[in-house]
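Have a look at the structure below before the remarks.
Chains: A, B and C, in written order; residue numbering restarts at 1 for each.
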């Protein structure tokens, strides 16, 4: 070995090495400080504190004060105003109901896609993946524009149904809750399909074969094995779709118009048109609370019930 | 201990400076309240291959990582080639380390992997190329220089890892269970190859394994580790023949253990009794007082079987054969002795022992051994 | 029976894929229509609406602003995210979980709420509707995605490979450049492409933070779509769809189709 590698390289380092050496010394020195790695964390920490957490806290604070009140005393008036009005309660209820419909439809439509992605394999997997993900790459404004064209009274859906004689006059699809649901399902279907496909993929195919050899029909197999074991994916997908739908602004605005008022359109109106900051902040807080509650419920359910499936599914 | 000192005495230079390549003093490592390594002293003379042997979690990998500088000791000192490197980061220590997982860089070719250390030191490109070619020749992988690690077999990957470590001419080579992922035949081939390479290069090497057979095959000395401590450091033969603790006895090889009581100690002979069964030791004073409880152990190859009661009653116990496993040159007998211990006897299959073939399960035999082969441990 | 179920499944999937692609197909088809109003199916073929795109007020300005914004946010978030992910995955320390939650917290809030909060904050600081506020706002929205992508690819990295590099004599920076970056390259590309798209398509923050001088493309599009009469908007949309597909192709070419799945899902 001594003959094989002479030591000369250690004593005659290349030019690049000589230029780099002092930097390497500094790096080595910093690295040996026990908490040096916190330096890597510091910029992100400061950024998040001052460009996200603090603005959010200030928004929360704003909701507890009345706009224009010189004394700026603490009050729950904004919340009382919201909850005391049948109109605003209706908007909240309307938002939640729409999000629930979207979640259910996305589950029904998304399940076959997810199952196909997980089980049909090969080309199907790739095709479904691209088809599910590629609309995500297109701006939601453009996608919604497409739905506007499709759903109009003179759009292809209505003209087809009319010419087939199935309806006598155009269906009111655009500027209706139905249109909003269609648009939202289209927008957030990937959020359902991807976790669901991952969950179905985790189910050991041997379980399906075992179930079939034990005499289960295709439907029984689905009901007794696949559906229960894919519950974690359903839960994750439902939580994502629900929270995304209830916070959506562009789709309800373009497809619902004046008729379909939801929380995001309401809050935008308060802030951008009516300039009522405090009330806007209160609505924003209520909307945030609803999403957080959904996420917390999902977290509890996942920890309680899905964990045990995970072991069985292994 | 005596044999170890004799070994290292020969390694002193004329001016009396110890030629230790690795020297650990009072090395201690804990994670919070969990002690991974207890104040540990260890010296490895130049050119030796020392194996750290022990069950998983005994601290052998921790020790290796402390030497490599991948972990910082809680206290104590690490000296490599006479230099105190305790506070030196891993990349300054010039140590060769081969991982169990090989840890080859998947995005670099074999040649790039092997040349990595030299490139990081800013060595000129043509020099790197030449050294890489030499290092690959050393491990007989010249033809694979442009392959990627994923295109090599396990044994070849291992050799790349070895070349990558050796090209830097490290002061010490550390091998962390390098053959654990290889199948048995390849493992044995690699053991011989590494041993030969290590001897030829004369590089001080520490080898970590949990496989006692591998340790016996490859080592100059073995340090048997248990619960963060070194139980015994000695040559393979000494470890087997004269284990200092019951842990070493049980970890390396098999043995039959008889619980007994010390009757008296005279002239280095310890007399033992367990009911009607008596035994004695000779050649070594174990320092037990009369009346103390001990475990007397005998290696399976040190016992002989006879089908008739021998004249000597001491170091002899009666028993029934419960099983015999024929293995060609030897046969393993399992015998339930009247002392209550199930003894294991490895008997050479020769003319003299041909009578044993006629015995069958349930037959009565006598197990006998020489007093010098009785090993004593506190109960 | 079995093949029937299989056939039914495949037919259903094809129908749903049709549903997914329908709005995009409709826009593309309409954009080539000849009539002065949006007609489906169109009667004649024409490219004149593409020539008409420059009649859309501020379209090209908005494209430039959105591109600048997306590139800038992506670069900032990439640097911040890689540094933070290194600290979070390569070290165990008290508060590590809390730091991770902090970085992922924007995912928990409705994006429209974030937009309102930022508008109020930057107005009170006095930088209403400046480009800086937009960049900072987009970074806050995009940051969690970047951290998550990069951290998860760092977590999959084989620790012993990094140790091998150190033992072979590379310092922290050399190890980062020669070993860590190549092995998390797919994650970095994934994160960067996703960050770019998230910023380029964002409306929830831009809606509140941009004004006439800094209107981003999605905000412009929102106005055009709300008032669309002739197929010019469809032509512009088709170009943008093409741009998106190009991004998808680049992503697929750089990191493989399978990995793009990691992009979606909140």
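Convention: a residue touches a chain if its C-beta (ideal position, glycine included) is under 8 Å from a C-beta of that chain, and two chains touch if they have at least 3 such contacts.
For each chain, UniProt lists the protein as follows: B = Spermidine/putrescine import ATP-binding protein PotA; C = Spermidine/putrescine transport system permease protein.
Remember, predicted model here, so these are calculated numbers, not experimental data.
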Problem set entry | Category of the chain touch graph - line, ring, star, complete, other | complete
Exercise. When the contacting C-beta pairs are counted for A-C and for A-B, which pair yields the higher total?
Worked result: A-C
Problem set entry | Distance from chain B to chain A - Cα centre to Cα centre, in angstrom | 56
For this session: Can you check how far apart chain A and chain C are, centre to centre, with Cα atoms defining each centre and the answer in Å?
Result: 13
Problem set entry | For chain B, residues that touch 2 or more chains besides their own | 89, 91-92, 121, 168
For this session: Mark out which residues of chain A touch at least two other chains, giving numbers and ranges.
Result: 28, 31
Exercise. Which residue numbers or ranges of chain C touch two or more of the other chains?
Worked result: 171, 174
For this session: Using the touch definition up top, name the residues of chain C that touch chain B in the complex.
Result: 158, 160-161, 163-171, 174, 178-179, 182-183
Seminar exercise, completed: Counting only contacts in the complex, chain B reaches chain A at residues 87, 89, 91-92, 118, 121-124, 127, 131, 134-135, 138, 166-169, 200-203
Problem set entry | Of all residues in chain C, those that touch chain A in their complex | 1-2, 5, 9-10, 12-13, 16-17, 19-27, 30, 38, 40-41, 80-81, 83-84, 86-88, 90-91, 93, 99, 102-103, 105-106, 108-114, 116-122, 124, 136-137, 139-140, 143, 147, 171-174, 197, 200-201, 203-204, 207-208, 217-218, 221-222, 225-226, 228, 233-234, 237, 240-241, 244-245, 247-248, 257-258, 260-261, 263-266
Seminar exercise, completed: The residues of chain B that touch chain C in their complex are 68-70, 89-97, 99-101, 103-107, 116-117, 120-121, 164-165, 168
For this session: Flag every residue of chain A that touches chain C in the complex, lowest number first.
Result: 23-24, 27-28, 31, 35, 37-38, 40-41, 43-45, 47-49, 51-56, 58-59, 62, 109, 112-113, 115-116, 120, 124, 126-150, 155-156, 186, 189-191, 194-195, 218, 240, 243-244, 246-247, 249-250, 254, 264, 267-268, 271-272, 277, 280-281, 284, 287-288, 291-292, 295
